[in-house]
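Dropping the structure in here first, questions after.
We just call them A, B, C and D in the order they show up, numbering each chain from 1.
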Amino acid sequence: MRAGELLGRPVFDHTGRRIGLVADLRCVQEAGPHSSWGVLRLDALVVTERRVTPRLGYGRHQRSPALLRGVLRGLPGQLVVVPWSAVASWSAEGIRLTDSAGG
Amino acid sequence: MTTVDIYLQLLDRQVLDRDGRLVCKVDDLELQPGPDGVPVVTAILVGPRALGPRLGGRPGRWMNALASRLAATPGDDPPRIPFGAVTAVHSAVDVDRTRDELAVDPLEGWVERHIIGRLPGSGHAGG
Amino acid sequence: MRWLPAVLAIAALTGCVGPAPTTGEYEEKAAHTAADALSQLQTARLAVGNAGRMPASYLETVLVDAEEAFGSIESTFDSIQPPDDPRADRLRSDLDGLLSDGSDGMTQLRVLARRSDAAGLRSTAEQLVATADGLGRFAREHGS
Amino acid sequence: MKRVFGVALGILTAIGGFVDIGDLVANALVGARFGLTLAWATVLGVIGICVFAEMSGRVAAVAGRPTFDLVRERLGPRIGLANLAASLLVTLLTFSAEIGGVALALELATSVNYLLWVPVAGLAAWLVMWRVRFSVLENTAGLLGLTLVIFGVALWRLNPDWPQLLNQGISPGNPPGEGLPTYFYYAIALFGAAMTPYEVFFFSSGGVEERWTRKDVVTSRVNVFVGFPLGGLLSLAVAGCAAVVLLPQGITVDTLGQVGLPVAVAVGKLGLAVAILGFVAATFGAALETGLSCGYSVAQYFGWQWGKYVRPREAARFHLVVLVCLIVAVGTVLTTIDPITITEYSLVFSAVALPLTYLPILVIANDPDYLGARVNGRVANLFGTLFLVVILVASVAAIPPMLATRAGQ
């Protein structure tokens, strides 16, 4: 599996309702062997209704300039973080979540 | 616990080798299920066969076609750098191997041997 | 977007050499031509007037460029089909006279510059004053 | 002492390196048609390039990342590739215009047809990009380009009606006989001439070539905030000379020879010789900057080793891109397309490619992951945002006047 295959894929809740697209993959950094930077374990999917903006970072650590943040945050839709454990199945058509995910 | 958003903080960053030379970009990342079934990042995927599918559309198809013509290794698997070789992630990604050891980019070597290396002064020290 | 090149090509063709349908448009083009030609003529005159203040190679290059540009302005205007109207014919013959005087004079300047004939340059440039005035007047009277 | 020398050298290079064939022609052309009523567009462009060059220089010094790295990281591979295509087109067009400009300047010096000079100029540019050390290349071209100060001397010797000239400069508006679309077309062209994207590609990549570190942020700032405005003054002097000498004669500028005429009138033979040297140096320097920028942008998008700080064979594909672009550029000029016309079109295209280059710079200049405590302050963000809006407006606005006026006819 490649990161590029998951990104941009549609996400559906257990009833088949579309929640949005995979905007990013949130990983947890764990200690790796000796000198290495660490191991990245997939922890959650960051799901959004929009396509472009997550890359600019305004959903996360990016705060300024204020006008850009305002414009980009003001667009409809918001980021939803779905834990990887809530993923029931995934295929080329999309990702389906389990009952417990809430959505 | 540190979290990393890999699209925002890892993909498309520059990869530097042990000597600080530029190697490639993080064109894509490979994930494989760990012992507990949760996917773990196992490798950096490099080159047009990694980037092409991400581009999609016509440019992606062109890049794939070009890549399969130029490919040194057959099949669809792009060259990879095991993720364990990564020593740091900052504005670039540091790897504890040299460019030659990684050998992720056969085309660079080809251009060097057949075109640039043949021009006079190609080994002249930079400044 | 496949139609775009075709549209651009048509626009370019009709814009540059197509028939000028009305006398008004023809007049506007004539005025434009006069102003462009005047610019080249004045360039040549300014260069000749300061011939002693520049290297010969510079003078020659400026004169050759101006002469060439003048020639292409003239031939572009000549390729426009004037509307069937006596007023348009009069515009055409007035401007044609000025343009051919100008292009003769510019050719003469280039020849004299290559021969480094300072006196000849000066007197030819003086003769071109009338043509320059004529082009300027034409552009003003017929310009929008 | 060495540091002071470095800063001074940087300023001088920035002045000399600021002006290229596009600035020369656009400013003379506009001066001869509109007087100084469009000076505001040049001033606006200079402020804009200062704002973004400072950010890109700071990112290069602190994070070590040049501009096209940022483009791919923040716009992603798809939009990044679109930007690469657009800016490569603009830079390549500019590159051929600069090669043509060198040839035209040599024609003025020798009266040998410029087409014969084109291969010579191309070969010389390639040899320099291939062999000469980066700092030598940058400093020599910049210092020789300083000879364009002769336009300032010329303007002063012409002793124009200063109050009237100044008045033109501070009261924008289209002069009688010129339409508003034409006026705005040239406003955008001047703005684009000052803000061409290759300047930030080259400036930030040059910072990496010279191994800037955090300590060099100050050097970078001084270069930008002193050097670029002084370079802008040179542009205005070119426009002023044209306004004083050519405008009253009804001369519109369409050759490089006409750009130099006011210097001949005001200073004479020696002055003109200095001006020609300035033309050659400025256009040759810009040819190097644009040629290298073609290589920088492609290599940085794909992550290849680039730069003159390593042996050419260690950056093989970078040098291959430069070489191919050079061949294309020389070939383009040899088709006898007028280099001046190429310049005018590339300026407007560059206005279209600008937003995709400057948006990622502004975003990353605010990213603490890259810059830590050196992120943008309020002033940088105020101006950055403001100019991003101006750039967007100019980009959208570039197309209708270009079509309406058939490129300023």
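FYI, contacts are C-beta pairs under 8 Å (C-beta built on N, C-alpha and C of every residue); 3 or more make two chains touch, one makes a residue touch a chain.
Every value quoted in this text rests on a predicted model; they were computed, and no experiment measured them.
Among the pairs A-B and A-D, the greater number of C-beta contacts is found at A-B.
Of all chains, the one whose mean C-alpha position sits at the greatest distance from that of chain B is C. In whole angstrom, the spacing between the mean C-alpha positions of chain B and chain C is 59. Here the CA centre of chain A is 24 Å from the CA centre of chain B. Between chain A and chain D the centroid-to-centroid distance comes to 41 Å (mean Cα coordinates, whole Å). If you average the Cα atoms of chain B and of chain D, the two centres end up 33 Å apart. Among the residues of chain D, those in touch with two or more other chains are 76, 369.
Looking at chain A, residues 55, 57 sit in touch with two or more other chains.
Shared contact sites, meaning residues of chain C that touch two or more other chains, are absent.
All chain pairs that count as touching, in label order, are A-B, A-D, B-D, C-D. Interface residues of chain B facing chain D in the complex, by the touch rule stated above, are 9, 12-15, 21-25, 27, 51, 54-57, 59, 90-92, 99, 105, 107-109, 111-112, 115-117, 119, 121-127. By the touch criterion given at the top, residues 15, 35-36, 38-39, 42-43, 45-47, 50, 53-58, 60-62, 64-66, 69, 136, 143 of chain C touch chain D in their complex.
Listing the residues of chain D that touch chain C in their complex gives 107-111, 177, 245-246, 249-252, 254-255, 257-258, 260-261, 264-265, 268-269, 272-273, 276, 406.
Taken together, the chain D residues at the contact with chain A in this complex read 74-76, 79, 362-363, 366-369, 375-376, 381-382, 384-385, 388.
Across the complex, chain B meets chain A through its residues 1-8, 11, 28-32, 34, 38-41, 45, 50, 53-54, 83-89, 94, 96.
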